[in-house]
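Each of the next two complexes has chain A plus one more chain, namely chain B in the first and chain C in the second.
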Partner chain A sequence: METFFEFFSFSDASIVSVTVGAILLTASSAVVGTFTFLKKKALVGDAVAHAVLPGICLAFILSGNKNPLILIIGAFITGWLSLIIIDGITKKSKIKEDSAIALILSVFFGIGILMLTYIQHSGNAAQTGLDSFLFGKAAALVGNDVITFGVVAVTLMLTVSLFFKELKLISFDSNFAKALGIPVKGIDLLLTTLTVLAVVTGIQAVGVILMAAMLITPAAAARFWTNDVKKMTILAAFLGAIAGLVGAYVSYAAPAMPTGPWIVLIISGIALFSFFFAPQKGVVSRMYEQRKMQHLMMNENLLKSLYHLGEKDDNLFKGRKMAEILSKRYFPKKKLKETLTRLKRQGFLISTQAGWSFTEIGKQKGQRVVKLHRLWELYLTKYMHIASDHVHEDAETIEHIITPEVEAELERILEFPTEDPHDEKIPY
Partner chain B sequence: MRIEAKDPVVEFHDLTVSYHKKPVLWNIDMTLPKGALIGIIGPNGAGKSTLIKSAMGLLPLGSGHVRMFDQELDAVRDKVSYVPQRESVDWDFPTSVLDVVLMGRYAKLGLLKRPRKADKEMAMSCLKKVGMEAFIGRQISQLSGGQQQRVFLARALAQEAELYFMDEPFAGVDAATESAILSIMQEMTAEGKTVIVVHHDLQSAAEYFDWIVLLNMRLVASGPIEEVFNNKMLQETYGGKLTVLAEVGELVRKRQIPSREKY
Partner chain C sequence: MREHLNSQLETHNSKLKKMDAFLIILVGSLIAISCSILGCFLILRKMAMVGDAISHAVLPGIVIAFLISGSRDSVFMILGASVIGIFTTFLIEFFHKKAKLQTDAAIGVTFTWLFALGIILLSVFAGQIDLDQDCVLYGEIAYVPMDLWITKSGTNMGPQALYVSGFMLLVNIIFVRVGFKQLYLTTFDPAFAATIGISVTLWHYLLMGAVSMTTVASFDSVGAILVVALLVAPPATAYLLTDNFKKMLLISSGIGVVISITGYYLAVYLDGSIAGAVVTMAGVLFGLAFFFSPKEGLLLKKYQQRKEAAKLAQQL
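So, the complex of A and B:
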């Protein structure tokens, strides 16, 4: 707890720089990643992330020190090269994009690991900490590094906001963009460059191996909450930033903990939460909707059965025992009880000595379902020429979903019929 | 049968287009008249979409060229609009109806500029024209096929162009949308605009268009509907598949030779 307050008071200058650095890195890669995600190029980020490793190592071997600017340049060159090669392979050979990505990713990463091992055994004292690029180390962000990475991160976000309109258009409809005369190739190149830059800076925080998650996961999580590209981009940045903040805290509180995996765990947790609990698109909300629909169908089926019973002995408001309802239509006992109590609570039924009976609005609701069922049967026989003994099953489903507008339309085109195809009265 | 247009707005000159070196359009040479509603008709795989895509510079030309308003496309892009096939985009993309229509204004806006109020008003009035004003803020994934097509048409109208290329605008739309789109097209041509439509239904083609282009890997006919839309021409387009042409195309692909010799 003590470290918690210590950290979040931001009294220590190094805490501030680590935190600001981590947040900028994660947020900027989330912003760029939104468009990689929308262009369905999620794997491209993964390829670049692995392909920058040889660049970093080569830059170190040639320069002999860990100046971040030099490492960024090295990383940038091999990251870019990998994308050009993937593009070339896809265009010039029969190998498809996914295979090309897999090929390039492993070849570049293999070379990178080879070089890293060589450097580690070379006895160069400056090499310590270079392996933090594998898993990332937010705590390594100090002083000038933060400024370098911060500038790159801010540039990324500014560039995306400047070209937002064009990025949106080429992600949605690149043929139309070309037809408009928008420099689609140029914008594509820009997005590629931004992706490489985002990866190059982001690996400082989460490392080579997990970088793809940092590009794609915030966007994937944000997509659950909004249907607007702009809101989605901002939300992705925000979610990425939260993960960055927590990551920075972890590396402060427990210096032995790997920062990158923590950041990725947090953002994955957020994505998982969105997957389950987002309104409309989330699993839970969809399950809730389904349950509501099931309740509605149970309600209506029960009211319909009561109406049928009432029709039979010409007394719609007579009380009925559960056994009598079951004789009309099968319901699982438990479900039947539940539904009866629910309908009572909702004011459609009352329970009396003689059993369950309609209230006035309960009767109207039951009558409407019966009417819709019979109207639909009539419609199917009249307009779709389906035999009258084949229409019942279909009407069983459709009766629950017909809206008042469709109802009025059916009544109009069938001219308020009085009888359905089985000579049963259609009640109004 | 090839009839030259008196007042040509588009000129195809010896156009040959290949996919992976296999020619799919051979030597298309024709002119199309200004202010006409023009239907491009032909069987599946005839190269109808390919023809307008290559006219819009979306596909590399094997040989030949296309000129519009007697100029290169790049010089007159602001006067030319393209409506892609509805299925060519992902309708689950997170954006709204108004945003899609505003895309029609992007070329006029230029890079780095945001749509202004005037652009939004323009987009609104285009949506009104296609009967979609009630759907302005609607998420595009919630639209029906016909509504999607209307949105695409509104986006094209927002470009305020003179010449329109539309890829299958009548495919998979409801009857109400079909007649709404047709009457907008007729309005456009009455204003002197030219509308070129890829179409696959012969029955309605006879009623809709003033000028017909019959295509089946090669140009079968191009001319006013009353002169080219007859049994003989249709037979040639749909019945008479030129097997030698298809075979030679296959040979070209296998040998990987360019359609014109280069040294």
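So, the complex of A and C:
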């Protein structure tokens, strides 16, 4: 707890620089990741992240020191190379994109590991800490490094906001963008460059192995809360920043811990929460909507069947036993019981000695469904010229969806017909 | 006298070294063949990245199983891992179908999350587990000859990894042999497979189970990420060399052996990670096939194009 307060009082200058650095890195990769996510190229980021390892090692072997600028250049070159090779393999051979990504990702990483172990065994004293690029170490962000990485991160975010409209367009519809005269190839190139840069800077905090999560997960989480790309980008950056803050704290409180996994765990927790509980798009809300629709359909189908029974013996308010309802239309027994009690609770039905019967509003509701069904059948035969024996199925689904406005429109263009194509009376 | 002894010791040592090299290459080959066989199905099903996801996601399972059982070479662990692998596949599909998350993001979110959890568990229980981050990343195939299986009566049965990888290869061969028709059909024509009564879902999950078990069995030797290279690189190379699926299985197994041998000597030469070198060689072979394959090679295509162009020019 003590370290907690110590950290969040930001009394130490190094804490401030580490925190600011980590937040900038994670937020900027989340911003860029939003567009790779929208382009459905999320896993390409994973490949780039793994592919920067040989670049970092090679830069170190050639320069002999850990100057972040040199390492960034090395990482940038191999990261770029991996994208070009993936593209080449997909275009020039029969190998599919997913195989090409997996291949390049693992082979580049393998080469990187070979180089890294070679460096470690070579006994160069400067190499210690090079392996913190694997899982990230936010605490390593001090002094000039923070400025270097911070500048790159801010540049990334500024570039995205400058080219926001173009990036948005090519993410959704590059043909349309082309038609508008936007240089699609150039913007594509820009996005690729941004992705590589985001990876190269982000690995300082998260590490090469889990870097993909910083590109994908904040965007995926943000996607569940909004349909607006601008809001989504800002939200992704904010969520990424929260994870970055936690990463910086972990790095401070438990120096032996790699920060990457913690950052990823936090952002994944946020994402999982969003997947399940986001309004409208979340699993729970979807399931709720589905259930509501199912109940509505069961209700209406049951009321309709009761109305049909009433029509047959000209007594709409007669009580009906369950067996009688089942003879009209099949319902699973359990569902039927549930629906009957639900309709009673909602005041559409009453249960009497003789069985279940309509209340006045229940009758009206049943009548409306029957009317809509028959109106639609008539509309299909009359205006769509569909044979009358082919229209029932379609009417069966649409009757639950037609709104009062559509209902009025149907009545108007069909001029309040009295009979449907099967010579059944349309009740008003 | 002393010199004589020394020289004897030296020949003995060099013999041992040769023996070690042989064992490492043998284990590497067994693992590479297992991975290649399954990988052929994976890349043709466009599921290479799912294989990647599984190989990362089994990590927390391995750590937890390690904490419970106290060792990493139990059958219990391999079976447990296959459950986690299938769970991963299920989770990816759940996010895709129920939460309507696009497939690539569903894969990316799922495996990074599980892998991060595994690494954290590893750091938290560092003192209690004989596993470390290096091992997770690139395995410890160099230690294969030292990790011996010694029976209760004290008989030395040879390296444990040899048994684990041999057993895994046997399981995979039996699996592919017995289910060949089902796997083949569900890979190439799932709709037809379904009409003749083969459960596409069942074979999908069985394959994923096999991938998970193989990943875990190879984990000690080559680590989580490099096993992906063994799953993808040899089959992709073989795919460029043949159109016949059975030949593809054989060629990719052969490639598995070749990269194990050449990779080992590359690692010895550079004094680096053996697994890393094996993967590097896999990449080299793929590059060769990509450019020089007599069927699909880039150079061949270029050559044919030029010939066609020349022919056309002549006709005009």
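The rule is simple: the second predicted complex is superposed on the first by the 286 of 428 C-alpha atoms of A that agree within 3 Å, B and C clash if a C-alpha of one lies under 4 Å from a C-alpha of the other, contacts with A are read in each partner's own complex, and residues count from 1 in each chain.
The rule we apply is simple: a residue touches a chain if its C-beta (ideal position, glycine included) is under 8 Å from a C-beta of that chain, and two chains touch if they have at least 3 such contacts.
Here the structure is a predicted model, which is why all the values come from computation and not from measurement.
When the two complexes are overlaid on their common chain A, residue A:Phe135 makes contact with chain C while staying clear of chain B. A simple residue count on chain A separates chain B from chain C, and the partner touching more is C. In the overlay built on the shared chain, the residue A:Ala271 is in contact with chain C alone; chain B does not reach it. When both complexes are overlaid on chain A, the residue A:Ile89 reaches chain C alone and has no touch with chain B. Looking at the shared chain after the overlay, A:Ala42 reaches chain C, while chain B stays out of its contact range. Residue contacts after overlaying the shared chain place A:Gly282 against chain C, while chain B stays out of touching range.
Using the contact criterion defined above for the overlaid structures, shared-chain residue A:Tyr249 touches neither chain B nor chain C, since it reaches no partner.
By the document's definition of touching, of the two partners only chain B reaches A:Phe172; chain C does not.
In the superposition on chain A, A:Leu162 makes contact with chain B only, not with chain C. Common to the chain B-facing and chain C-facing surfaces of chain A are residues 223. The touching residues of chain C, when paired with chain A in their complex, are 43, 46-49, 51-52, 95, 98-102, 104-105, 107-109, 112-113, 115-117, 119-120, 123, 133, 137-138, 225-226, 228-229, 231-233, 236, 239-240, 266-267, 270-273, 275-280, 282-283, 286, 290, 296, 298, 301. Every residue of chain A that touches chain B in the complex is listed here, in rising order: 38, 162-163, 165-166, 168-169, 171-173, 175-182, 223, 226-229, 232.
Touching chain A in their complex are the following residues of chain B: 53, 56-58, 74, 77-78, 80-82, 84, 88-90, 93-96, 99-100, 103, 106-107, 109, 111-115, 139, 141, 155, 159. Considering their complex, residues 37, 40-43, 45-46, 50, 89, 92-96, 98-103, 105-118, 121-122, 134-135, 209-210, 212-213, 215-217, 219-220, 223-224, 256-258, 260-262, 264-265, 268, 271-272, 275-276, 281-283, 286 of chain A touch chain C.
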